[in-house]
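Two complexes, one shared chain (chain A), two partners (chain B, chain C).
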Partner chain A sequence: MDILIYGIVNSFSLALMAIGFTLVYGISRLPNFAHGALYVITGFGVWWFIHQLHLNYVLSILFALILMGLIGAGIYRFVLIRVRGMATSEIIATYALGLAILEFLRWRGFKGMTYTLPVFIEGSIHIAGVPIDLQRIMVIAIGIVVVSFMWLFTHYNKTGLALRGMAQDEHAAMMLGIDSDRMAIIAMAIGSILAGLSAIVLLPLGNIVVEAGYNVLILSIAVCIVGGLGSWVGAILAAFMIGFVQILTVRYIQSHFHMVVALLAIILTLILRPSGLFGRQKELEERV
Partner chain B sequence: MKKKWFVGLMFVLFSVSSLTLLSPPSKVNAQGKPIIIGAPLATAFLYGWVAERAIKLAVEEINAKGGVTVGKEKRPFKVEVMDTRDLEPGVPVSDALLVVEKLILEKNADFIVGGPVRSEAALAAMDLLSKYKKVSILSTGVLTPAYHKRVESEYEKFKYCFRISGEVGWMVTGEFIPCLMGIKEKFGLNKLFIMVQDVAHARGGGDLVAKFAGEKGWEIVGKEVYPTGTTDYSVGLLKARDGKAQVILIWMDMPETAILLKQWYDLKIPALPFGTIVAAAEQPGFWKATEGKGEYCMASVVNAGNAPSNATPWTMKFVEAYQKKYGLEPEGYGTSSSYMAVYVLKDAIERAGKLDSDAVVTALEKTDLMGVYGRIRFNPKNHQIIPSIDPNEGAVGTIFQWQAGKRVVVFPPKIAMGEIKLPPWLKK
Partner chain C sequence: MNKEIGTIERRKERLDRGIKVRTEGIYAISSLEEVSYLVLPRLILIIGLLLLPAIIPSLYWKRVISITCIYALLALGFDFLANFVGLVSLGGAFYIGVGGYMAAILNKSMGLSPILTIPIATLFGAIICTLLLLPALPLRGVYFAIVTLMYPLAIARIIEALNILGGTDGILGVAGFPTRWIEQYIIILIIIFALFGLRRLVNEDIGLVFRGVKDNDQAVRASGLSITLYKSIAVFIASGLGSLGGAYLSHIYMWSGISQFALDFSIIPIAATVIGGGGTLVGPLLGCFFLVPISEFLRAFGTLRIVFYSIILLTFIMFRSEGIMVYAQRKYHQFERWVKV
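Showing the complex of A and B:
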């Protein structure tokens, strides 16, 4: 039973981490390698709003998310727009940006275990004899809300539909009057907010550490590659696959191999099915 | 006009000399060419930054009292700290070695004090220290017995390497096992679950505790090895609960261990967290960082003086001096030992009368002084500090428990300030 419960929690954690990354790539074909750095600065941002500006928790979260949206939009408007279409340059630019942010934080002394965020609800409950803290229940609940919201947004909202249009066929969408750059800015802003949201939900379970930025990036890439780059359904499914395999590994093999699972998943996917589980476009390209 | 000018000049000279003479002794600064202490430390991590702070505190105190007497002249200490980053995940050992070499060649360090902090890096640095004949006093991080065993096996080559802090062999047999036996006797607990970080000293330490505890009647119900940087321990904790563990032995030097303790509390795992090396729990800020969820967690700070106690008359003086300068109590392993390393070096240089490495090595081997954590002497064969559970006999360690927001020393008995308590959800 603990495998089921903690497998679901771990899967939703991975889905939350990766959904922003896959959204940006799915819509604008931009690999945002600064995703992990955005995750970490959200944590430090909320901490700073609470402890330095003495704002309440909800306001701090709100301001941090708005800030993330602006940073995401800014990254596209001032950096990525100049290298758009050059895949290698996009990766280098975003990775360099992420690296600069994380190492800057480390250099400025954001280290140790002083930086923590409070849990939303204190306490724990037992489900079928398995103890679980309420913050983890919140991870599941918020994970479901975010995934549902994103589905509704992209199916019933005009901007969401335009984003989907861009994801399906950029040229056709542009012919219908959808502004590619505007959509990319929106995608980057939403992707960054989602990175921030995952940080706000997951960081109260531990500490805010710079190293988390690198881990989140690796896990997000793993989920997106296994699921098929740009495929949301694939990403959710991959999050569940990797999430459960990680928990099974910890339970029956060793905690030591926890991170290996994600890296192994990337290697196996690239060898056996390079397009991932739901990467249809790539699959078609491969067939041609 | 000339007379007025002369009177004015005399007045200025008199004022300056009076100010110099009347200023308190703490303001006296040493003259002469500085003796450079190179400190290769992982400054982003507890064991690095505490060592940096402690070395600087000792240097400041020594310089304020006139510096080091080298032969007939007084010379001040000067510290050059460089970040080895050797506690960060994925940083190769070679990076730390480059830092040590840079300190020797570019900063012209006369002595090396502090690190490297990670065992693997420190072991590799021994050859470098031997090549440049630089006396090094290791004072933080490194706990592997391989360090002093190497000195013993190739004395002529590695005689420049000393360690003034603890090592795993003694800590396990002389401190952790006796403390565990005390818990067994007092509370009737005998099931142990081991959680260690995937680094040499922790893996080795965990195995050693398992071996000796097993021989002493403890049942080892499981063992988990976590990669550096792990942020989720919930499944491992559930394994401990399912195995009916009563004590969880933790050996980790990463800051993320605070998460483990928070999760232990949130899941109300019915086992006492016995931290051997738990960098996160050592720090005074741990209580706030875990919002009090770390209560009952035990941790070793390796040497006395890293948490308040009355081990020697110097212990609380050091604690207060550190608190005055940095605004908080000594933060953990590497603080008192790095502080003492500078004083021991001063003492050895003064007895040697020169900075020559071989002469200082000979003087260090004859060190015998009462320090912050007991009597400080080195084993002349392997250059490891001589440990004890009595501060009058040797260097004493410290195991404390978090109780109501305070680090209460519970072991060894000679310096204990309180008794071990069990979490309420563990009591039968």
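Showing the complex of A and C:
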């Protein structure tokens, strides 16, 4: 029973972490390998707003999210726009940026036990005899809200539809009057805000550590790739698959295998079916 | 530069220098000037590399030279794979780790001396890397890049989790080199050999096929050649260079551990290639000799050095993606002038 409940919580955490990355890479085909760095920055940002500027919690969250949106847009406007279209350069540039941010934070000594965010609601309840704290319930709730909101956004909103159009056929989208740079800025801003949001929901469960940035990036890539590019259903299912396999390996094998699961999932999926379990796009471009 | 730039339409015209055109044919040996035009840049590089250990005084910096050479091997492999075969391999650490562990195991458990372990680790490291990467070879571009990025991470975590091969402590007590001079000169000779060997290779017939794989793989297939075979040959060469570096590294530090799978070995060669100029093979080598010493200078600042070279990498990829060597070669071979349109 506890495997089921914690599996669901873990799956929703993965889905939350990955949704920003999936939106940006899977839907708009812009790799944002600084995703993990943005996740960690949000954590420190909120912490800094609360403890240094003495703002209240809600306001700090709000400011941090707005800041994330600006940073995301800035990354596109000043960095990605110059290497747009060269897939490898895009990855190397954003990865270098993320690395610079994370290692800068590490250098400034942001590590250890001192940095934590308060939980939203204290306390815990019992579900079928398994104790579970309310923050984890919040993870599930917010996860459901965010995922369904993003699904509606990309299916029933003009901007959201334009984002998908760009990934499917950029030239056709431009002919229909979609400004691809503007869309990319929007995608990056939303993706970064989602990275920040997941940080705010998930970080109260533990400490803010720089290493989390790398793990979040790997997990997000795993969910995005296993699920398949351009597929929402795939991403959610992939989050559940990886989430449950992780919990099962931690329970029955060893906790060290937590990340190995994600890494092997990436490698195996790419080798066996590069477009992912549910991806339908552009299969011809992936393999020889 | 010119105030009228807004009003007069002009463009920069680039023409090959006469001496370049002459030295391309048999006339290259017709005069001393032409011979030196061809030989001098190469000679400066070779002599510079050979003199390096002699002019660097301190023991610490001598060690840095050896490490730089190992990075240079990786960078050569990366440049060869990325710009001549079209496989962007972000897994330099994978090659280093496999070679390093293999040399350490051969030395510790079988008692072989470095003279034997390094060639064996190079050969079998390359074979292992090629076999492991074989299923990923049909992948294109970004997909191959992500798989190769994940391999070293996954293997490091598996070693950590299973606590095999010495676990987090690594394998201690690997034999070192008898003297510093041997340690440095062997690796310097190796990189000179690798550099000119690769340059020869890419201009042979097989190099033409490699470039075909990069530019139009269907044409290669239509010619009745197996794409996967040629890709695996290329990966074998590049991973052999990496494994050689890894084996060397184990013997230099007399230790082999998970940090050989660390991201440093994947990122510095890429940064060096971007800075030095991809597709020139010399560029990445010079990039390493520029980047690694600077990174050593900054070692006192801890992880700030990673920030530093990430930012250099970012700047170069954004503003000067051609790199230093491409620029230098253009200046050396061509002259430029403004012409009216």
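Note that in this section the second predicted complex is superposed on the first by the 279 of 288 C-alpha atoms of A that agree within 3 Å, B and C clash if a C-alpha of one lies under 4 Å from a C-alpha of the other, contacts with A are read in each partner's own complex, and residues count from 1 in each chain.
Assume a contact is a pair of C-beta atoms (placed from the backbone, for glycine too) under 8 Å apart; a residue touches a chain by one contact, two chains touch by 3 or more.
Only a predicted model underlies this, so the values are computations on that prediction, with no experimental measurement involved.
When the shared chain is aligned, no partner comes close enough to touch A:L4: not chain B, not chain C. When the two complexes are overlaid on their common chain A, residue A:L176 makes contact with neither chain B nor chain C. Once chain A of one complex is fitted onto chain A of the other, the partner contacts of A:I218 are limited to chain C, with no touch recorded for chain B. Shared-chain residue A:I144: touches no atom of chain B or chain C.
When the shared chain is aligned, chain C comes close enough to touch A:A87, but chain B does not. Of the two partner chains, neither chain B nor chain C is touched by A:L152.
By the document's definition of touching, both partners, chain B and chain C, reach A:H256.
In the superposed model, A:L53 lies in contact with neither chain B nor chain C.
Residue contacts after overlaying the shared chain place A:I66 against neither chain B nor chain C.
106, 254, 256, 259 are the residues of chain A that lie in the contact sets of both chain B and chain C, per the superposition on chain A.
The touching residues of chain C, counted against chain A in their complex, run 82, 88, 135-136, 138-143, 145-147, 150-151, 153-154, 157-158, 160-161, 217, 221, 227-228, 267, 270-271, 274, 301-304, 306-307, 310-311, 313-314, 317-319, 321. Across the interface of their complex, chain C is touched by residues 31, 79, 82-83, 87-89, 91-93, 96-97, 99-100, 103-104, 106-107, 218, 221, 225, 254, 256-257, 259-260, 263-264, 266-267, 270-271, 274, 285-288 of chain A. Taken in their complex, chain A has these residues touching chain B: 2, 6, 10, 106, 111-114, 116, 118, 124, 130-133, 135-136, 205-207, 209, 211-212, 215, 247, 250-251, 254-256, 258-259. Residues 44-46, 88-89, 198, 224-227, 229-236, 238-239, 241-242, 255-256, 258-259, 262-263, 266-269, 280, 283, 285-286, 288-291 of chain B are the ones that touch chain A when the two sit in their complex.
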